[in-house]
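Two complexes come next, and they have one chain in common, chain A, joined by chain B in the first and chain C in the second.
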Partner chain A sequence: MPVIQGFEYFKPKTLNEALHLLSNNRGQASILAGGTDIVVQFKEDLITSKALIDIKGITELSKIEIKEDKLFIGACVTFTDLIESELIKNKFPIIWEASKTVGSVGIRNRATMVGNICSAVPSADSAPALLVYEALVILKNKDGERLVPISDWFIAPKKTGIQKDEIVVGILIHIPKKKYACCYEKLSRYEGEDLAQAGIGILAFEDHYYRIAFCAVGPIPTRAPKLEQFLNGKKITSPIIEEAKKILLEEITPITDIRSSRKYRIHMVKLMFERGLKKVISRLEGGKDA
Partner chain B sequence: MNKLKYVGHPVTRIDSLEKVTGSAQFVDDIDFGPNLLYAEIIESTFAHAIIKNIETSSAERVPDVVKVFTGKDFPYKFGLYMKDRFIFAQDRVRFIGEQVAAVVARNPKAAKIAAKLVKVEYEPLPEVLDQMEALKEDSILIHPDLGDYPHVPWFFPKANTNVAHWRKTRRGNIEKGFEEADVILEDTYTVPRYSHCAIETHVAVGKFDYSGRLTVWASSQSPNVQRNLFSEALSPLGLSHKDIRVITPHVGGGFGGKAGVTMEIMVAAIATKLKGNSVKIRWTREQEFYNTYQRLGVIAKITLGAKKDGTITALDHKLYWDAGAYVEYGANVVNAVGLSATGPYRIANISIDSACVYTNLPPGGPYRGFGYSEFLFGLESHIDRVAKKLGIEPVLFRRINAIKEGDTLAYGAKMNANGLLQAIEKVSKEIKWYEGKIESEDPVKVIGKGFSIFWKAPAMPPNASSSAFLKFNEDASINILVSGMDIGQGYLTVMAQIAAEILSIPPSRIRVERPDTDRNPYEWQTVASHVTWSCGNAVKKAALDAREQIYDLIERTHYLDRDTIYLEDEKVKSRTKPDFELALKDFVINGIQVEDGTFKGGPITGRGTFMPEFTSTDADPETSQGGHPNVHYTVGAAAVILQIDKETGKMKVLKVVEAVDAGKAINPDLVKGQVTGGLMQGLATVLYEDMRFDNKGKMLNPNFTDYKIPTSMDIPDEIVPIIIEVPQPDGPFGARGIGEHTMLPAAPMIANAIEDALGIRIKSMPITAEKVALAILKKGEK
Partner chain C sequence: MPEIQFTLNGERRTVNIEANDILLDVLRDKLGIKSPKCGCDRGDCGACAVLLNGKSVRSCLIFAIEVNEQEITTLEGISKNELSPLQQAFINNNSFQCGYCAPGIIITATELLNKNPHPTREEVKENLSGNLCRCTGYIPIIEAVLEASKRGKNE
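Entry: the complex of A and B
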């Protein structure tokens, strides 16, 4: 099916060049990285742009690297890159786990994690992982750079804190200093590729501090502060889990849609929380997956 | 007969190399040159509305647009069994997505831009989206002119209602049957609509040349039906069958969705107005979902009575079909079920009502199984429940009532030879049915077993036929011309094997050509799982015809009695003269030279036709007694071991076994492939596929993001295909069809396994993890 709108295509070699192109096409340009979302949006006439700026030619944006005590994931890093990275697998296991659940092999070969958070759909699989790592989104325009905490990034469904003259160049994650374990639990309709009907990221430190984040059970992916506050400092026991499940319900606002009913989403989030938490505790203690 | 050399062997598919290397050409791969035009379709945005006006002038002004067509250009009806469809909507639209107009342009982009500029003014009418609503006396009429529509003699439309056809079958005395019963169970089962999801969407190209000939290249299961319906619909333009040529290259899946005629009618019609150009329409995935055919939805009310000894005494089966906006093909699904909704059981007292009801949803039509999956979901669920009520083990209950050869069918004819009991026995053994419950090692999970038997007959006009030409070449290789389609089932290979067996030429030396109605002889359609049987008979006859010509020639030239000669390894040999040997390649084209130096014979060319000559639809419309509508039934049995997570509702098939009576498996590997593929398709309909419409009749998930078909990750851990071979007396080498049948038992056996594991009976499809989990929660609340 043809894309019927016309636009100019650019493939800059440097970030500077890209930022100038963006500035010159004031508010009328779109950024192309993996293209798995934007090409569909063009095809279905959901967006219009005068210019399409393909950033895949900017080599520095394809890097996964440790800079001092931080991990940098460039804007052009695909989910397959993340899955195949020993660094990610060993040091940032929830990113590795969440990446494996995105789309299908074909999608993961193209789609980028930065693209995933820029599309900012409520079901973004990357979001819970980045939220529990308290990641920072690195934005640049031609005048400089700013960092936005991921918790402030998602504003509304498909809406983020980006400005029209900015490019997300990557994501920054502080390497946690304490020992921790984590997991991503996803509800999908079958074993093949699917959008999350609910997702939960859980990270537990060995000193009984917890970070929990959701996707697809509210308008935007979020942390669960009340739930975390309740759990913090506590050892996980069955009564604690039961109590926590009640608090969890205050943190989510799932809807009924074509993919799932509100009732099933609530049922499953509670279950995924319980199973995920047990799994994380078991991992923390060096045991097998619960 | 001697030991079979090619039939019954797992011969490699003759089309495998071109398919795995990607060299196989599909319609969209063909280069039609620079004069190819593209049509973009303007679709109805209302489920039911009057068309007040169509404004096309701004679209016509878009550069590269050639012409805009609307219903006014083609005021013609078409349809396979009932003429109730239009090439483009006329005065009203009846479903969302129906074709209202087409923009034809020199490139797809211009067509798409211009299509957005076509303005259609509608006057909305109330839409009827539910068959039970449509059946009500005060319902708005979807086809006010129904009484005037031409249709086949075995349909009974009711004018001034939404009932397009009502098949009634009555046998014995239903009241008496229920009186005799010790247990009577009545319940209702619901099966929604489904989509075929062939990987290749519909695509067709039409060209009308200056010699007055219309050629259509189509991704289709039915080249001859297409030619016939194009010819009927376009006869006002002076076209007759000889002027129309349909070419069908490789097809990327059909499953019934590419049977008959749907969108192809548009390219055929449009091409006639654009002489010299080719016009292409390629459906998007969305259009593939909402404007081809969908599987019909059904609400089935079953009342079944049985005696303490397990004998079924009576069945009252009422089926109300959501057949959609047009039923030219779908009404025959309803008809087929109305004749066969007893399932493979011997029942003395029968009442079946199968009602085809118009609704303002996409047209219902043929889909693998042709209605049998739909009614078997209810019936095979019900059989388990009645057995439970009687305190009889459900497989034993099935065995007690299983239909046998010679038993009387619902419409009065006799049941054919079949291996139903063998199938039940072999499946029970392989699934260890009688070895008790399997305990799950994981306390969160439970494991259940489910069983189902099945049957299906081809649903065809009584005179549906096949034919074949077989041509020898100089080197004694063969080209066979037939008009069935290889839609993935391996039909071309099977035809080669049949000819190979008769003529003793390896299948690798035989090409079976895909249809071109100019070149290849007639075939009704590749549907109904009938081509192996019907076209197989035609190919066998063509091969025998060729063999007779060879024997004639040998008799004439070598004075050997035909009873003493035979074919082996591409040679003629003699039983009486061991040193006699004549290679086929030495004479099949150029004849045999005799003593005086002259040549006798000439090209050996076989011809075969097959039509079942014992079928008839002439029956009493009130009872369906008196005719012989079906040629035969194929039967089988299947069972599943299902693991269920009691908390999430997620299900995993640990093992599935299916036995199908192929009569003779001409290619056992292909039969096994059908079992695997059919089971997967059936399991998908019960576990994943979930078609949704909004309250205005708009399909909400015409995409694979939200209409889920299984991936390789969703395949059961173990699939065991079992082939039963009770020969079909009139089949080629005893073969009968098995293609559709393999998916039939999937849904009820899952429902039965769920009840076995959880004690919960689910009576509507699909049975998703969510539905199971919520049912478990509900049970816990009680």
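Entry: the complex of A and C
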């Protein structure tokens, strides 16, 4: 299917150049990185842009690096880059696990994690991982920079906290100081390429503090504060898990759609929560996955 | 009309395009490369897969202008001199019926075998999960990739 609307294509080499292009085309420019979502939107005429700004020529945006006590993932880092990074695999296993579940190889070779959170669909696989790490989204416009906590980033389905003159430069993740373990559990209709019917990210600290986040069971990916509050300070036992499952239901608002029914999602999220929690505890204790 | 230059199957090519032209359409309609096919047109089916700098990508989700100064390989490039061991294995195993998905699958599997010359059955299945085939039921395809993996280099 051809793209009907015409636009001017720019491939700036520096971030400054990109920000000026964005400012000069105020409100009428789109940013292109991997393109796996935005090209579909162009084909379906869901967006109109006079200018398409391809940021893949800006080398600093392809970096995965540790800056002091934080991990930086640039806006042009693809899911394949994350999967192939030893740093991610060894130090940020939930990012690695979540990246492995996105689309298929041909999509992951192109699609970026920043693009995933900019598209902001309720089923964004990156979201639970970034939420439990309390990641920060780095935004720049030509006047400066601001950081938005990932928990404030998602506003509504496909809507984020970005302004029209801003570019998401990357993501910052604080490296937790205490010992912890984490996992991402995804439910999809079949192994391999599919959107999440439900997803849950769990991070547990050694001292029994927990961070839990969901995707695809509400309009936006979110943390589960009530559930965390209930679990915090507690050692995980079967009665605690059963009690927690009841609280979990207050945290999610799944819908029925083409991928599954509300009832099925609720049923499965409870099981995934239990499975994930046991896996995390086992990992924390240095054991194999439960 | 902007002009782009890129390496297509080892040859330097120059082509005039519009900024909104999709790579798949430019390959098929302007450059006569017919192996990548349009299936779903939204990145789900893998029929349009080509190698971009050695990595499999969806040519239906890339603007042609993005591949300026890059390197594209299609099935035409893989079988330039003779069939690759993977293509031969496809024939040996009757791995396609209508054949529409075969170029995309061979591209994806070629990338896999270049990266990981001896994949397990599970790895083959996972890697091919983004390529849909409505004829074969996949088993002969997986067998072909495993057979080729025993024979060595595929490009």
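Quick notes on this one:
Going forward, the second predicted complex is superposed on the first by the 290 of 290 C-alpha atoms of A that agree within 3 Å, B and C clash if a C-alpha of one lies under 4 Å from a C-alpha of the other, contacts with A are read in each partner's own complex, and residues count from 1 in each chain.
We adopt the following convention: a contact is a pair of C-beta atoms (placed from the backbone, for glycine too) under 8 Å apart; a residue touches a chain by one contact, two chains touch by 3 or more.
Computed from a prediction, not measured in an experiment: that's the story for all the values here.
In the superposed model, A:Asp207 makes contact with neither chain B nor chain C.
Among chain B and chain C, the chain that touches a larger number of residues in chain A is C. In the superposed pair of complexes, A:Pro2 makes contact with chain B and with chain C alike. Once the two complexes are overlaid on the shared chain, A:Val105 sits against chain C while remaining clear of chain B.
Once the two complexes are overlaid on the shared chain, A:Leu271 sits against chain B while remaining clear of chain C. In the superposition on chain A, the residues of chain A contacted by chain B and by chain C overlap at 1-4, 104, 190-193. Residues 107-109, 112-113, 284, 647-648, 687-688, 692, 700-701, 705-706, 708, 710-714, 768-770, 773-774, 777 of chain B touch chain A in their complex. Interface of chain A with chain B (complex): residues 1-4, 104, 189-195, 258-261, 263-264, 267-268, 271. Contact residues on chain C toward chain A in their complex (touch as defined above): 2, 18-22, 25, 38, 41-44, 46, 49, 52, 55-58, 60-63, 65-66, 68, 108, 111-112, 125-127, 129-131. Listing the residues of chain A that touch chain C in their complex gives 1-9, 11, 32, 35-36, 39-40, 42-43, 52, 54, 56, 80, 103-107, 109-110, 190-193.
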